[in-house]
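Listed next: structures, encoded as structure tokens.
Two complexes, one shared chain (chain A), two partners (chain B, chain C).
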Partner chain A sequence: MTLAVAKTAARAIGLECRGMTKIFGSLVALDDVSITVKPGAFHALLGENGAGKSTLVKCIMGFYQPTRGQLLVNGAEARIDTPAAARDAGIGMVYQHFTLVPCLTVAENMVISRGDLPAVIDWKAEKAALAAFMERMPFRVPLEAPVANLAAGEKQKLEILKQLYLDQRFLILDEPTSVLTPAEADEILGLVRDMAARGDITVLMITHKFREVTAFADSVSVLRRGLYVGGGAVSDMTTDQMSRLMIGETKVRKSAARLADVVSDTKVELNALYVDDSDGMPAVEALDLKIAGGEIVGIAGVSGNGQSELVEAISGQRPLKDGRIFINGRPFDATRKDYDTFKVFGLPEEPLKNATVRRMSVAENIAFRSFDKPPMAGLGWWLRPSEMRRKATDLIASYRVKTPSPDTPIENLSGGNVQRAVLARELSGDVRVLVVANPCFGLDFASVAEIRAQIIDQRNKGAAVLLVSEDLDEVLELSDRIAVMSGGRITYVVPAAEADRNTIGKHMAGHA
Partner chain B sequence: MSPDEILTVLIAMLGGAIRVSTPFMFVALGETITEKSGRINLGLEGNLVLGAMLAYAISYHTGQPWLGVLAAGGAGMFLGLLHGLICSLPRVNDIAVGIAMMSFGIGIAFFFGKPYIQPSAPRLEGLPLGTWSDNPALRQALEINPLFFVGIVVAIFLWWGLANTRTGLIVRMTGDSEASARALGVNPIRVRVLATVAGGFLAGVGGAFLSLSYPGSWNEGLSSGQGLMAVALVIFARWNPLRCIAAALLFGAAGAIGPALQSVGISQGYYFFNAAPYILTLFIMIASARSGAASQAAPGELSIVK
Partner chain C sequence: MEQAQSAPMPRLLANPRWKAVAETVAIPVIALVTAAIVFSGFLLFLGKNPLQFFALVWQGGFGSAFSLQNTLQRAAPLILTGLAFAIPAIIGLTMIGAEGALVLGGFAAAALAVPLVAAGSPPMLMLVLTAGMAMCTGAALIMIVGWLRHGRQVNETIASLLLTYIAIATMNFFVEGLLRDPASANKPSTVPIGKDYMIGPIPGTEVHWGFAAGLVLAVLLWLLMSRTTFGFAARVTGGNPRAAQAQGLPVGMLILACSAISGACAGLAGFYEVTAIHGQANASLVAGFGFTGILVSFLARHNPLAIVIVAILFGAIEASGGLIQRRMDLPDATAAVLQGLIFVILLASETLQGRIALFQPASDKRA
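On to the complex of A and B.
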């Protein structure tokens, strides 16, 4: 079979799943899914988090054994029990998280990925071979550079090059653009699509971005709750249809209308902020930004350009090296006292890690802002747990937090419900300043809509909102003004009405 | 001080640096291998002391000092294996185990070493490389133990091997990204145990130098924390075997200041100068903790980095 394929000019591999089912205990993660990917296709696998996309791919890659179902490679049944067997069958995967070794160079990373290294490596011969290989590729990465010094886009290219170097002809890309700028994403997906169109490779891409599906894929399969719910040629489907297949009948809260001319006297001023990262290297440099009440300022940027450090500095998790924050003209320090005085609230990224204490109860976590003030505390130190519980019960109901009881440790809640509990704590009072970072990362559609609506609500009530997000679509949807952060600086500011995806992308990449 | 005296001090410091640096070099190279694989073995002080004791005992009984060196390496491998295996258990902290292994190694060395404090064992002979000179101080300084050169060869080999061999690449990969190593079918625990064993061997050999060359006898105050300082030295050398040689020589020279000044009759502050290596360690730790370059060079899987 392999020989027959090798003789034909086109070397891409076709793959077919028949009746794939995977059951973990009582959970049916994948239920009778059948998908066909023809040689040379660019096939998109669409679905929300938890829809079964990664389970399916892990069954193909040999990480899981399907409970039932068959896998056919080029029409013949194949048994893939281990990732090594997948590699031998020519199936390679590019993971969402890089699997490159940062301290090794590009050449070292490529050579080591080959299973059959000799005891002593003849670098002269290896590098000549690598250079010849790079010559044949549509895109290149400098061989001598340490991977730690590569930009995210180059790393992603290298991950793909590595699979091609290993002669993998069926590439599975897992959310390949989540760490890239729009321009980098378009470039890489375009190159991969061209290779597929020439019949060199077949591509199966996991994604939840419709734009990438319509722009690059030729066929699509949609999964929801472990079931295959539809698919076909991309040209026959509209974004609307795909989205309905993906979300199903779930009710999604309508985005709150954006009120014009919100009157508010809140003014936030970030003045020449300098913040260092954990290694003592400058992460934020000379950052100036003004946010008015009734306005959402969205900070766009590729992750790792100082956004996390900026948010941590504003929320008191990291010292400001220099500069000052002013609210209504008065200096603000990230202390509990100033948070209360200026009514500053925040929704940090990864709320379970940054905004809660995992093992404390939902009620205690919800009380973090108010446990030491009346009515929850007397004399400033005598706490009243009953009062704490009563307040939490109210908020759990009004914010629809799904929890067995207010006394459950918050770590037992799902991601969306942790975020709702934090929303309940932060947004139930009078909010003047709101700092939000990647609020919807990893959440399902209904939660995402809910959270975005809450943020717009706060803006309409006159809060000054700083939104930091790695999801450019989220920034474009929510913001009144968009600032781009690159290399620790704000490099571009534009009103949302005049914003243009490409210009923002160029600034994100630092090429403008 | 007259120019002559300054020359004498400098020559004495050169000789001292070469002598004192050897155990530092072996321990630091051993620790480099272990840390490159993603583990810290703080217990190398124990390997050093046990190696010193065993080398002395074997040399005493067999009359073969080189056999003693091998035995010291073997003892080091045993302690390294123990450390490696214990750390491979789930949720075990390598630093805590290292401190326990240090006490363990020193403890058994003292326990079995009591009978060897008095007798005198055959020592490793130095190579007389200073015969061309008629300056007796220089001739003494250039009487260099072969282990010093062995250490340099080992350092060069490690530096080459980490970049050019399959083993070297696998060790570096395991130390920097366990996930990548697993993805390639490498068993990180196996790599780390073997790297700790190899590191333990070198530290044991370093101990043999202490008892068989300089100071050249076995007693309980022999090492006085050199094994621990060598671990600090690895950070200073940024996990580079060649820089380990330079750093070891620097520590050696610092250790030689006191005796060198005494040789020209300056004995004021003798104890203060003897403390120089310890003070140097302290400053190096502070400086490297503040240095961005050092933290970038650190293997990503080290428990202190994560």
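On to the complex of A and C.
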């Protein structure tokens, strides 16, 4: 091994952006950003959603052409105008979601990732070369295993190995841990850090998790609204400083105090639920869970363990194969009638995609829950658009939705404002049961704080809240009780006060 | 920045509502003009004068009282089949089965008419019963598609297309066998319902009542889709089925209801073809009205009121066909070439949606 490492040592690439600017129409996505990543560095790129991180990376990868600015690879100016040019320059990217072919083996996936495949592949020679390549690597994945059988952590390792196999010595990792358990994340980032420390590779990691920055990165750059706002050696900075750089002067709503003894007679019971996924395979099996009024039960788990199917079944987007949901002892079906009877509301992830109709106006979108009831509906079925607009105008004001007018199509609003419009619709009435799924996905800090405070508010008012989130920190912060979902089942339930990150992580990984 | 953007804009376009309307109108108009230009090139290639062509379309479609009535007559089935496509389109389904529903509806009306006429039923009663029959048959056919879509996740476009062939084959099966009028030697047909039982023209014109029915239905369906809770729920479902489900809207029932309306409109078109034009069911029912209706609906952007205008435009193109054939020595298929061009260019120009800066609301996405 020592020999092998020596053979590939000191091949890391340095990269420098000078005055990178990218303008889309009237939007300045990236404004004169200069960043230097030294060879062998583990550099973190921090920023909120929409800060310009992905725009910068896409300019480096040749997906976008910067409006102005230079890119220097190992000190020499490089013109990268296509992804192929980036590959030739030794710059590779590991995307947030896997780019593997599940039905092929590890070896096949690695071979097909090459751009220069001959018409007839000499598999024997290729496999020998791959085996030799794996020998030199500090971590391995079984070459003959079908990718479908790999765990998420193994897949992520394979993605990284793939880049190394393609001889990419500058690795861009785009939020690489969002699909991993905490233990897998630590292992993989550790391996990557060690390779960087040996000078084999240079790493640029996009992230919004401070923990990963302080634990693994050695330098950091922070972007906010397209501007470079600060950075430097990680050892010189506190998490507090980084967070202030990321958020800026935006006022963040203080988290609402969690009231101690909320009195509520609401009781939700999920009783032996079975749900299939879109391929007809069981996704949720024999799931039992009770949620009391005035309580937030958070479901933690690695993405793809049945959480989204569970939420969809409760929200009427997917049939329940078996089992029943009871609210206050009475059976509940996901119909409009039962939503109204039991006052069930929902905050889905990515509201523009899941909770709104893009081309309908803000007023119409706000009316989804009430358009068929007086005063908006006369005679039971006749719409009253003026009532709709009046109600919307009130809610737009009280929930501070920034929109030119109630008649603007909702797709023209920013993510945070769409989310606020949905909050206005779902939370402005009397809420008894609230189903929340990844509520903060893709939102800026101020909006995240706002939504979390609203969820706590509803809990304090006596609502039974089911929170499903892939962000363990979010679950830990908001929940009164935490349930871990793995392989379609609840495998562990613990009161928040007694919750321990490591134990939860073990249950998330399915071995405990 | 906002002011700099909005200053050169016409005042009317300052309101986001009007901007959206302007965009909705502009895109089909751009498509029509582009298609006319491309088609002119085609005519020049054939050595014909494009200006003469468009002048003849005007003359043959709207030039005289006779040609105008001819146009409206031809527009009648197109309004109904256009509506048959538009209503499912609003709920997000691409159903192209209007041709089948028209044929099967018309056939069912003709088949029911035979015993009624033989029994000497009053003409009014016979017409009401056969119209109901045609609408129910068409509705049933498209509801099969709706059920397959919602209950079994079968692609509705393919299902409706295949059912159209089954519908046509079913009519042929009966017309050439069990229900064939022995007197129809060369062209197998059902027994004619007879002049006394046929629907006359709207008084003072030569346009049959199907045009009036189309007008009334267009207005009613426009009200239904834009002013009622049913229409609102349908638009939510069409815009985002997942959001509709999460709101507990009865998506399955909405789809079935829209399918039923669609089939009933097309079936009614078949009824008028039989009782106002042909007097019997035969292969003449398979005239492509159902498919032209798709084009009409797209050009009208699935707006029931706009469908009336577009259907009249297409009626004019068809009405002027004979004149163009005679004066310019162009084959009958010329009109089909023009229609096809319009459709392809229209589908392509749909991608302009949201890309014309003039129609975009002043963005505050960065804020």
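Note that the second predicted complex is superposed on the first by the 501 of 512 C-alpha atoms of A that agree within 3 Å, B and C clash if a C-alpha of one lies under 4 Å from a C-alpha of the other, contacts with A are read in each partner's own complex, and residues count from 1 in each chain.
We take it that a residue touches a chain if its C-beta (ideal position, glycine included) is under 8 Å from a C-beta of that chain, and two chains touch if they have at least 3 such contacts.
It should be emphasised that the depicted structure is a prediction, and the values quoted were computed from it without experimental measurement.
Student: Overlaying on chain A: chain B and chain C, fit or clash?
Tutor: fit
Student: More residues of chain A are touched by which partner: chain B or chain C?
Tutor: Partner touching more chain A residues in the overlay: C.
Student: After superposition on the shared chain, which partner residues are touched by A:G346: those of chain B (first), chain C (second), both, or neither?
Tutor: In the superposed model, A:G346 contacts chain C only, not chain B.
Student: I'd like to know which partner A:Q317 touches here: chain B for first, chain C for second, both or neither.
Tutor: second
Student: Of the two partner chains, chain B (first) and chain C (second), which one does A:T55 touch, if any: first, second, both, or neither?
Tutor: So A:T55 meets neither chain B nor chain C here.
Student: For the superposed three-chain arrangement, provide the angle chain B-chain A-chain C between C-alpha centres, rounded in steps of 10 degrees.
Tutor: 50
Student: I'd like to know which partner A:M360 touches here: chain B for first, chain C for second, both or neither.
Tutor: second
Student: Could you state the shortest Cα distance, in Å, between chain B and chain C after the structures are superposed?
Tutor: In this superposition, no C-alpha atom of chain B lies closer than 7 Å to one of chain C.
Student: Determine where on chain A the residues touched by chain B overlap those touched by chain C, and list them.
Tutor: Looking at chain A, the two contact sets are disjoint.
Student: Please output the residues of chain A touching chain C within their complex, sorted ascending.
Tutor: Per the stated touch rule, the residues are 25-28, 225, 315-317, 334-339, 346, 348, 353-360, 364, 367-369, 371-372, 377, 380-383, 402, 404-405, 407-409, 412-414.
Student: Help me check something: in the complex, which residues belonging to chain B touch chain A?
Tutor: 164-167, 169-170, 172-173, 175-177, 179-180, 183-185, 290-292, 295-296, 299-300
Student: With touch defined as at the start, can you tell me which chain A residues reach chain B in the complex?
Tutor: These residues of chain A touch chain B: 83-84, 97, 99-104, 108, 111-113, 115, 117-121, 123, 148, 279-281.
Student: Under the definition above, what is the set of chain C residues touching chain A in their complex?
Tutor: 1, 5, 15-17, 20, 227-233, 235-236, 239-240, 242-243, 245-250, 357, 361-367
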